[in-house]
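First chain A sits with chain B, and in the next complex the same chain sits with chain C.
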Partner chain A sequence: MENTRTGRLPLLEASHLKTYFPVYGGMFSTLQGYVHAVDDVSLTVYQGETLGLVGESGCGKSTLMQTVMRITPAAGGQVFFDGRDILSLKRRELRNLRKEFQIIYQDPFSSLNPRMQVGEIIAEPLLVHGVRDPAERKKRTLQAMADVGLEESFHDRYPHEFSGGQRQRISIARALILRPKLILCDEPVSALDVSIQSQILNLLKDLRRQYGLTYIFVSHALNVVRYLSDRICVMYLGRIVEIAETKELFARAAHPYTQALLSAVPVPDPTRKRSRVLLQGDIASPKDLPQGCRFHTRCPKATDRCRREEPELAEIGPGHQSACFYSGQAEGGLS
Partner chain B sequence: MGTDTILEVKGLKTYFYAAGGREIPAVDGVSFRVRRGETVCIVGESGCGKSVTSLSVMRLVATPPGRYVSGEILFEGRDLLRLRPKEMRALRCKEIAMIFQEPMTALNPVHRAGTQIAEAIRINEKLSKKEAGAKAVELLRMVGVPDPERCAVSFPHQLSGGMRQRVMIALAFSCSPKLLIADEPTTALDVTIQAQILDLIQTLKERNGMTALFVTHDLGVVAEIAQRVIVMYAGRVVEDASCGELFSNPLHPYTSGLLRCIPRIDDERDTLDIISGQVPTPDRFPTGCRFHPRCPMATELCAKEAPPLSGGEDHRVACHLYASKR
Partner chain C sequence: MKKVWSVIAGGTRTAKFGLVVVAFWIVVAVFAPLLAPYGVNDIDIAQRLAPPCWAEGGTMAHILGTDQLGRDVLSRLLYGSRISLMVGVVAGCVGLVIGVTLGLLAGYFGGWVDAVISRMIDVMLSFPFIFLAMLLVAVLGSSLVNVILVLGITGWVPYARTVRAQTLSVREKEFVKSAGAMGCGSLRIICKHILPSVIDSAIILGTMDVGTNILSEASLTFLGLGIPPGIATWGNMIATGRDYIFTAGWLTVIPGVALLVGCLSINFVGDWLRDIRDPRLRGVDNTKANQNLEREEAT
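Let's turn to the complex of A and B:
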């Protein structure tokens, strides 16, 4: 399906994706129910765009990424990557396709094998995907290292010798070496110092331009997501509550949760006093979902209808969808 | 020292000694002043010594491997570094209380939340267990816990991150301290919960006429709550100014670089400015001005000589660029 408005082709399409985790408890560890980590999520990522995925801890954004990559098995739904259904592929076919989508993890301290040298870490995907010639591997490794701004002399050193920012560059080089079409970034800068974050964000932006990459960028930091994303998708308790282009979302956030989220982000400018939407209470447990709209327990605008019915994601403007009965009525952006 | 100063840190040096006698100058000559009723923020990146500074004020740095090498920490005129452990213990909680970053590790996992608060109350007040327990429930209600009776009998692992942090706050407020030290109190929390907690701390602080010393790495949080900001880099104070002044007129190249490199929720830049290089670790601080290897304006002098913190009461900066102008 071509997006008629932007004229871009979809690279990844997830439809009605569900990921449930069983919960065992009680004296005999019997099945108590399921955590609905991702609950009926449909999502399209277009070629060459960066889709930001935001939400608070436990909203299912990382699980969604892992399900899309088939690292975590899905309970239902389909994921099409370049027209092929990832969830029904055989092992070998899946491995072949994995060349096309790579992941960068949050914590560069636990995602690199401490006993491998930097060069080996970066070259490992080549080995997995059958590049047998050592000279070729070395050449491509050095190229990837140059792309991410790592010196050649780092090739034979170990991860512990590097700081967080440098390690994240190693992770990026490893993700990049197979020349994938899609890179999933799972909170790639949230473990880094502020002055290092901007280096990595600029690098990701440059690489996207250079290699025509598509990113799915998962983060809880809205400022970071805004900087990098073309479109933003907001999740709450396993569901998408709002999707819009970045500018549109920041100018006209329609869902009360998005509005609260935007108003809660501290802005480094003391002269800017904003009216805050302070939410009451905590996120409900995904194990024990509230009836009706999942957000109604914290929503300042909840009505009886919200407690009974669950709103569907509905188009409220060009490319702008929101899952709230009242999203047409109240508008709130960053003001 | 005027009567309006509640805390004054003068030339504090807290060093750590690694195996083999290697000296790690985590906090290296830090001086600042906190006025009564103010909210002061210490900001900086990892390894800049902001947490060790706040732990030093509480005298909670483990010695060894740490040592308070020199300096004074004057709290209402008394030097905390010279107090005996018993005197210091009497001061903690009653006069100075602390909220830690990770409430899960700061709370005792095998005691119920209410019991832990009641214990703190009973150390400072002569109350029966029952009375202290009732007061704990009251405190939990004050910090906005929805069902305080149930929370009081819960263990920390049964509570969410935001609730745990509220328990920590109730604990810190249990003896109505004069000075509250909060070390990254909201870093582990989601933004909507962070907004709730910051709001709560501000309200309680104003109601009780308290002074607060916040440690954070988030300049957004600083802009929201601080009256005065102390910027630290590599164990030293590089800039010290009122909040408005710091954000509108940052003098130190590190401060201005930091402000420019943060992506903001309210702007649309195509590329971010960057501070090149890496954050130095405390065992490998550079000579001279410790920021000079990353500084775009560094001169030869910067590599040789450390600039002193100088300037007026409202705005002090440690940078050679401004030395000649004064």
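Let's turn to the complex of A and C:
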């Protein structure tokens, strides 16, 4: 897809992926329509890179992740992981493949079973994937705990005894223990204090180097994504509107939505003057999509063409794609 | 062993009371023949309806008095504890196992599994208990084992409903979803991740069911569907003492009190079990921990 990246192997390839949720309503609970949570998304993740996925709440980031992992069924499209079509795998093959990709969840308070000890929680993937020897499990558990900076003495304690940051470390250790190729981070720091956020981000960075991991990093906070990602992918209403390398995106955002997002990132300097792009109106309903470009209802640059036709993702620079008719003549992002 | 003692010592006052009483009744049930001053069916017609020793005209020969056939109430109470406790607890367990299993299946799998089990629940709820019990006894015949089975088979509905509802909510928690994403099979998710979170309310329900079962056994026996007459049970004693409630009140009051205290104690033990099973409540001051827990669950 991206000729600038030849030589790097794609690890995960999704093409024309769709996830629709049926909506029932009315007196007889009849089918009223579908929520287009993920609508025709194609995306490639290369080995060893970190892909950031940003967008506002409800744009389909998490649903996309769940569809890719086949936790939520897809309505159409294909997902190739390491050359294998995930969506057509049999149950047993899928279970086997699950050790290659793991998730870190957003809320460290609900993602750990309160009735299991920390050691049990971290070792569970091993148990599920057939590591029968208890001594071997214990050894690898302690190794994983050391990797994420948890003391050995935490092994027999329960999750409620820990703070959010420590719980997130437990989550990371659990995701790491099978040495997966890909880790999906579903807003792993957004439930944490700012001071803890940076610790966790640095931990993820170190682990990536140590184990050669590939991340898909989902977040609504651009500065968090920027810190970790090689490439960033911006979603709006179930579609990708722009993909570019991190530097390129921050320097030359082409899509009006990306520009608006970037201008909303807080800058820790009260004296600096910024030109804010303020969006008007509400996000359109994913059940009842507007005709034409799905962003035109809020876009400051919308024209008649945008109201009629829907723009496709188009290459506008090396490795830079945008879904806007006018992105080619963009005035160079924010200067 | 030391650990067990420290856990018991850390329990609340009601928990200790419950444990002591339950332990007492277990000892009594096991050693009834050694403890009872008379045989369970020894009739002494000359001494019929003798009041208990503290009442006017009572003697130490029959500490808790005698019934209308001159049988010693204390002896019958001790022997009765064997059948009553067994029926109450075992029937409760049968109902609990059936109900929890069906509730978990319905809540976890949903779809047609849930539809079938929920309709079964509706049918059971609309069926009168006595009618169903008569039907089952007519088919199975009347014996102690069958009474236990009948009570278990008719008693699973509340467990199934509670567990199903809780499973529906626990299933949506992230730790359950993450278990699926990590590759756990359904059986492991149900047993390891969902069951420990939903079993507590079933245990509480079960401890409350014990008393109901003991009395239901009495009503079955009263109708001639339960345990063959002549065998002493608490429910049986209460039921037959009813005819003499104004002239010889102790015939109902004494087994009644035994039943009340026994059931209350089992309830206390149930509460205690729930508390020690929750790691968040272990080794901390209970009221404080409960407040924290409520706050955590509210957020």
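Convention: the second predicted complex is superposed on the first by the 325 of 335 C-alpha atoms of A that agree within 3 Å, B and C clash if a C-alpha of one lies under 4 Å from a C-alpha of the other, contacts with A are read in each partner's own complex, and residues count from 1 in each chain.
To be clear about the criterion, contacts are C-beta pairs under 8 Å (C-beta built on N, C-alpha and C of every residue); 3 or more make two chains touch, one makes a residue touch a chain.
Being a predicted model, the structure only gives us computed values, none of them experimental.
Asker: Once chain A from each complex is brought into register, does chain C clash with chain B or fit beside it?
Answerer: Overlaying the two complexes on chain A (C-alpha atoms) leaves chain C and chain B fitting together cleanly.
Asker: In the superposed arrangement, which partner chain does A:V224 touch: chain B (first), chain C (second), both, or neither?
Answerer: The answer is first: A:V224 touches chain B but not chain C.
Asker: What is the C-alpha-centre angle with chain A at the apex and chain B, chain C at the ends, nearest 10 degrees?
Answerer: Roughly 80 degrees separate the directions to chain B and chain C.
Asker: For A:R115, is the partner it touches chain B (first), chain C (second), both, or none of the two (neither)?
Answerer: In the superposition, A:R115 contacts chain C only.
Asker: Could you tell me if A:D107 is touching chain B, chain C, both of them or neither one (first, second, both, neither)?
Answerer: second
Asker: Who does A:L262 touch here: chain B (first), chain C (second), both, or neither?
Answerer: A:L262 sits against chain B, while chain C stays out of touch.
Asker: Per the contact definition in the header, classify A:I196: touching chain B only (first), chain C only (second), both, or neither.
Answerer: It touches chain B, and chain C stays clear.
Asker: May I ask you to name which of chain B and chain C touches more residues of chain A?
Answerer: Here the partner covering more residues of chain A is B.
Asker: So, does A:G83 touch the first partner chain B, the second partner chain C, both, or neither?
Answerer: Touch partners of A:G83: none, neither chain B nor chain C.
Asker: So after superposition, what is the minimum Cα distance from chain B to chain C, given in Å?
Answerer: Nearest C-alpha atoms of the two chains are 5 Å apart.
Asker: Would you pull the chain A residues touching chain B in the complex into a rising list?
Answerer: Touching chain B: residues 56-57, 163, 165-166, 193-199, 201-202, 205, 220, 222-224, 226-227, 247, 250, 260-272, 276, 278-279, 281-283, 334 of chain A.
Asker: Can you check the complex and tell me which residues of chain A touch chain C?
Answerer: Against chain C, the touching part of chain A is residues 69, 71, 95-96, 98-99, 102-103, 105-107, 109-116, 124-125, 128-129, 158, 160, 174.
Asker: Within their complex, state which residues of chain B touch chain A.
Answerer: Within the complex, chain B touches chain A at residues 45-46, 146, 160-163, 190-196, 198-199, 217-224, 226, 243-244, 247-248, 257-259, 261-266, 268-269, 271-276, 278-279, 281, 294.
Asker: If we count contacts the way the header does, which residues on chain C are in touch with chain A in the complex?
Answerer: 173-175, 177-185, 188, 192-193, 196-197, 277-280, 296
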